[in-house]
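What follows is a set of structures for review.
Next, two complexes with chain A in common: one pairs it with chain B, the other with chain C.
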Partner chain A sequence: MTRTIMALVLVGAGLATAPAAFAAPTSATIGMPLEPPTLDPTTGAAAAIDEVTYANIFQGLTRFAEDGSIEPDLARSWDISKDGLVYTFHLHDGVTFHDGSKMTASDVKFSLDRARGKDSANAQKELFTDIAKVEVVDPLTAKVTLSQPDGSFLFDMAWGDAQIVSEKTAAGDATHPIGTGPFEFDDWVRGDHITLKRYANYWGDPAKLETVTFRFISDPTAAFGAMMSGDLDAYPNYPAPENLQQFQGDPRFKVMVGSTEGETILAMNNGRKPFKNKKVREAVAHAIDREAIINGAYFGYGKPIGSHFAPQNPAYIDLTGLSKYDPQLSKKLLVEAGYPEGFKTTLKLPPPSYARRGGEIVAAQLRQVGIDVKIVNVEWAQWLQTVFKDKDYDLTIVSHTEPMDIGIYARDDYYFNYHSDRFKKIMAELDRTTDPEKRTELLKQAQKRIAEDYVNAFLFELPKLGVAKKNLMGLWKNSPTPANDLTEVHWRN
Partner chain B sequence: MSVPADRTRPKRTGFLSAAVRTPAFAIGFALSAVFLLAAVVSFAWTPYDVTAMNIADKLQPPSAAHWFGTDHFGRDVFSMVMVGARASIAVALVAVGIGVAAGVPLGLAAAARRGSLLDEIIMRTNDLVFAFPALLMAIMITAIFGPGAVNAIVAIGIFNIPVFARLSRGAALSIWTRDYIMAARVAGKKAARISLEHILPNIANILVVQATIQFSLGILAEAGLAYVGLGTQPPLPSWGRMLADSQTMIAFAPYLAIFPGMAIVCTVLGLNLMGDGLRDILDPRLRRAR
Partner chain C sequence: MLLFACKRFVSLALTLVAASIVIFAVTNIVPGDPARVMLGLDASPQAVAALHRELGLDQPILMRYASWVGGLLSGNFGVSYTYKVPVSQLIGQRIWISLPLALYALSLSILVAFPAGVLSASRRNSARDVSIMGLTQLGIALPNFWFAMLLVLLFSITLHWFSAGGFPGWQAGFFPCMKALTLPAIALALPQASILARVLRSSLLDMLGEDFVRTARAKGLTRSQALRRHALRNALIPVLTIVGLQFSFLLAGAIIIENVFYLPGLGQLVFKAIAQRDLVVVQSVVVLLVLAVVLVTFLTDLAYAAADPRLRTRRR
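Our next item is the complex of A and B:
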């Protein structure tokens, strides 16, 4: 009797492990720190939306490649008129939405008109302000006419916010997204996970995985446990840099350190005393030791920046010298600004560790020059309301992860409260310029302008710290836009 | 007639000699005293400045220079545990103080007017407060009024009130039936004066023991609030936050969790032992049995 049971147990065990041992798995579970509030990238601002949907569910006319360059996506090619005003997009044939309907030029027109419309809920309306009209030439040709030349138009169309949705299903995209990508939406258990499955009628090369599960684990300790126990196959934006060494030393895992578009800044409320005074802002900038922050808050990962610009961008110039660590100079500037005894201020910190840990270091460094900083920890929802919307803050630390977002300094309604006609002039000229060399020159001027105005203290470029099982191939190392493009992801035998 | 001296005078059982003969009290007192001393000394001196960061020296294991090692900002953990004791003890002490100051008079008043509407109002209100899980309420209060040591004190203090109110009412009720209370009433003393002069001294023992226990619970509550980020705010260190910060580093820097963790365990254990010992020493029935 005992022997029979033993045999049964052995057979059972054999059956359970056999498929795993012989065939490469066709699914992957990906860890994410935040759950998306909705799943429609064309109406929501949260980066978590794009991390699920970008290039997986939804596609645009153009798209970002892993290195940040712009590639054709749903548009296989385009013609630009001589005056730079008319873009004619030639669409791929045979593209269908996940509900089976054909994607045509009228969907392009609908998507762009909806995004730029008067009651548009799009989070990045500036991407579409230059569009004068969108016309359907034939089912596979869409013509976009701009009101003025826009050198970054193809770049703008690669954003998740500019992706193409179907008129029939757009209203339901927030909870059941229907796109044209290699994966279709399968299931969403709120608070736990989202599942995508391979879309059988995908127009391009099919995805290599059959199913993908995104699991939301924000607590770094739990994320560490989930990776170590094998529950997760990858965690592309790993929240605790201190654990990377352990993953590196473990033969089961690999660590991928790449770049993001996240400029991590100590934002100062330029509209509020004492930060209204440029000398005070300059004093703050000189009181900060970037190396200490990178080492202490991010365990050495991350590149110091001297302006609001990504170091991997070809137009980047190193301006860290303008705000080098010099507490003596900082104290002198405070005296000149009329604060010989320093002053009291508050620093609002959102949850990520770069902010919470970086904030403690910033506070300690500012205390060295006499600025008494009170730390106030806030949750994301609170941060978005009080700091971002109401502009009720003195100092805050946050990483601006949108690509090429230096234009935010030209926005009067932005939470920095920075109003500079000189900067706006540079940005306006940049919008009108299509010549790459001239654009580079203008971008350099823009970086310099805000660095010399000490709008914010620019800390470091957030690295993309990814952890994955050794055999999981094809994940993006860099993050040119918030995304987890899983089209190419597969298991190596 | 001469009477032997030892028969007229009761046998002196001095507090000190009793304390020494109660090992639980002695050990508990010694443990608590260590941390109390650390907290007091930290006002005048710590090995290193707890707010000074020295990133170059981060995450060093315990050594002669840093007895408890350094944390991820290069701060000295020994100094942080010393200053952390200050926060824990101060918060717990004041919280217990609030509980005693508000709870005991309420309990005495309820006992003096037992069965009256006042009694009902006081005790049912206390039941209401008691019905909420203590830590949940503390989180609620700090969520509304903002995190910080002061709000943590108030939060922990409020859930101490019903503890002392119930305890003193119950104890006072049994005293109210005594003959000498009857005598005092016959002599014309008002209820308030009887409560103050006769009841309170007779229930003081129980209150002291309970205060010691609540003190240790207060330290745990402070650590719990600090752990979730609602207690003492940076840059001042606190044991609970040190534990929270050390979580992701426990595999390669276990000392970051061990030392503040041990500090909490030792203080709470010490106070509980001390409370147990105190009960043994102060309880007259146990004293007679000895």
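Our next item is the complex of A and C:
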């Protein structure tokens, strides 16, 4: 029988001599773990949407650069009034949408009003809450008035959720996106791939690639096979850190290790016994050996963090010392808190490997100090419902991937159940402050506040692990926002 | 024959109604709010409520069941929550991968199993029989996803004869598509062929002990002549049953193989839809698969009757 199969295989191979769709020097095939549900970043939340559309199809008034700094995009410059309330954006001339129509200040007004409107389905409505009105001064000038000064307004406008869409085509963007970027949407075979092609009338420097294909391969083994067989040119968010050594040792490939905005935390339910007690939370924090978790869950990639803040941010301060690994201290704190024998608790783990692998190590480390942890694996939808929405959990591990999201600790109904007037005061002041130095100072205070309150055990910053063919240049190494910016990507001869 | 077909048809319809109720109930009991899944961690409550209205999730459950079944009957499967396109369009794209893959695998399975079964049965306990049966034992024991990985390792990564997965789309032409389906079809066919070969062998051996075969031998036919001319046709009934079951299994159960080869088939569509709580897609595809299984069973029943006239008379 085996011989028969071999013969069939040989026949199959012989039949299929048609030229394979291999990457010519002007095209690239990029692997992604998840398929975007739609292609409209202004109505959907999935990171996969931005990974296809950000900077490729859609553009905003401002944008993130690879290092996380804010750069002008569709707005070539802006003026800010003295009181910090009025932003006047000067738009680039000659910008067109992919359907050929001109992009003007009225599109800016439409996009922002749509995002902040009552029926808005925008997943990040908070980005727009400070906007009082948007006015069209002339076709190339848009004026945004805020209800209160907002020091992070230009940062907020760089998000994929704040990108500029055309009134005529906005409703259809979910399935056929029309933006102003260097690539236009070409084709989508659901479940398999999306193709973009270079937009001929792009206002800026044209993209170097003619076509780009995004392929969706979620299974890590399949992703490995697809890279190794040459089907893919790059896999910028490679799902299996255990394979990276193999790619590193292979001269055909390069491995790119960069930063993300993903703070991976062991979240504790501050509203539930025994984690209501700060001493217990402090005990948990000291029971955790971050190095062991990074090595075990992420094969040594990833930076330890001591608060909910990204290490690459200029305002970052290293607070890992507040919660350094010290099982003896942890046991002592448990005794002081009234749990000399420890206690029983559960740890709910969503599907990503950092959570599942990290969770087992966390459980083992907590057992060392007498906390008996029962692991419960849940799928994403279940996690969102039970942990995130219903707050029915003791402990969980998750990575918060939105940039600059320390503000979630000021939300009353957030799943941490953390309520601190002192922290809220810092955040309120931060919102009012536009002076960069003062902002940095406030951000440092905020990091310290939650670290000293031991709200959660802060584990590590999720690394961005990418694999690409050696001569594919210009891919982002870091991930300041979910994106695969392909504007600069090209093949080196 | 007609009455027989009618009876089968009524039971088919009842099965479908029961299945639709179970499917709808199960997908609605499972925890997880589709709107939450779609909008993500930081979504505001207003955005979630707005999406609920848009998806019609604020309606009472009986209303939703009624409108879903009503839609199904008029051929309207609804609009996918996540993809925002008609479910029928999604199924239409996926079925042209799942169906050819199932047929391809089934053909391979039959092509391999028939010669293997006949060769084994014709010389029972010979070296040939023992080695073929040994191989089928192995074929059943190998997990097909692991066998699939071995195929990728050899034919894609080492020899570069095939892509490691994916599907070019039928617009790319017949042969590129068949090529893309070849490794998955082989991985799916191996265990099926092994089972089929064993069933055929034992069914043939039973027949070879029957009186009519002895009579045929007495008339001077050789063992293999008797086997081919008289035993084979009679041995087909159990084999047909298995083939019918296998086809349903291959159509609905290729999820793991589709994942290994990242083929956008029906299995993967359901798999992802469940994770994303795209209830409309889950419900519609599962009902469709139930329909396919029931139809195949129905056709298998009719095929029995065609293969064995006694079945027809008995039921009358």
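In this text, the second predicted complex is superposed on the first by the 469 of 493 C-alpha atoms of A that agree within 3 Å, B and C clash if a C-alpha of one lies under 4 Å from a C-alpha of the other, contacts with A are read in each partner's own complex, and residues count from 1 in each chain.
Here is the rule we use: contacts are C-beta pairs under 8 Å (C-beta built on N, C-alpha and C of every residue); 3 or more make two chains touch, one makes a residue touch a chain.
Everything numeric here is computed off the predicted structure, so don't read it as measured data.
Participant: So, A:Asn493: does it touch chain B (first), chain C (second), both, or neither?
Facilitator: In the superposition, A:Asn493 touches no partner, neither chain B nor chain C.
Participant: May I ask you to decide whether A:Gln328 touches chain B, chain C, both, or neither, giving the answer as first, second, both or neither?
Facilitator: The answer is neither, since A:Gln328 touches no partner chain.
Participant: Considering only touches as defined above, state whether A:Ala363 meets chain B (first), chain C (second), both or neither.
Facilitator: first
Participant: Classify the contacts of A:Thr221 with the two partner chains as first (chain B alone), second (chain C alone), both, or neither.
Facilitator: both
Participant: Share the list of chain A residues that count as touching for chain B in one structure and for chain C in the other.
Facilitator: 221.
Participant: Name, in rising order, each residue of chain B that touches chain A in their complex.
Facilitator: For this pair, the touching residues of chain B are 51-53, 55-56, 58, 72-74, 146-147, 229, 233-235, 247-249, 251-252.
Participant: Where on chain A is chain C touching in the complex?
Facilitator: Residue positions touching the partner: 1-2, 4-5, 8-9, 12-13, 15-16, 18, 20-21, 35, 37-38, 44-46, 119-126, 174-175, 189-193, 215-219, 221-222, 225-226, 228-231, 379-382, 384-386, 388-389, 400, 402, 405, 408.
Participant: Touching residues of chain A toward chain B in the complex: what are they?
Facilitator: Residues of chain A touching chain B: 220-221, 224, 240, 242-243, 245-246, 291-292, 295-296, 357, 360-361, 363-365, 367, 374-377.
Participant: Mind listing the chain C positions that touch chain A in their complex?
Facilitator: 30-34, 36-44, 46-47, 50-51, 54, 82-85, 90, 93-94, 108, 111-112, 115-116, 132, 135-136, 139, 149, 152-153, 155-157, 160-169, 172-173, 175-176, 178-179, 182, 186, 190, 193, 197, 259-265, 268-269, 272, 275-277
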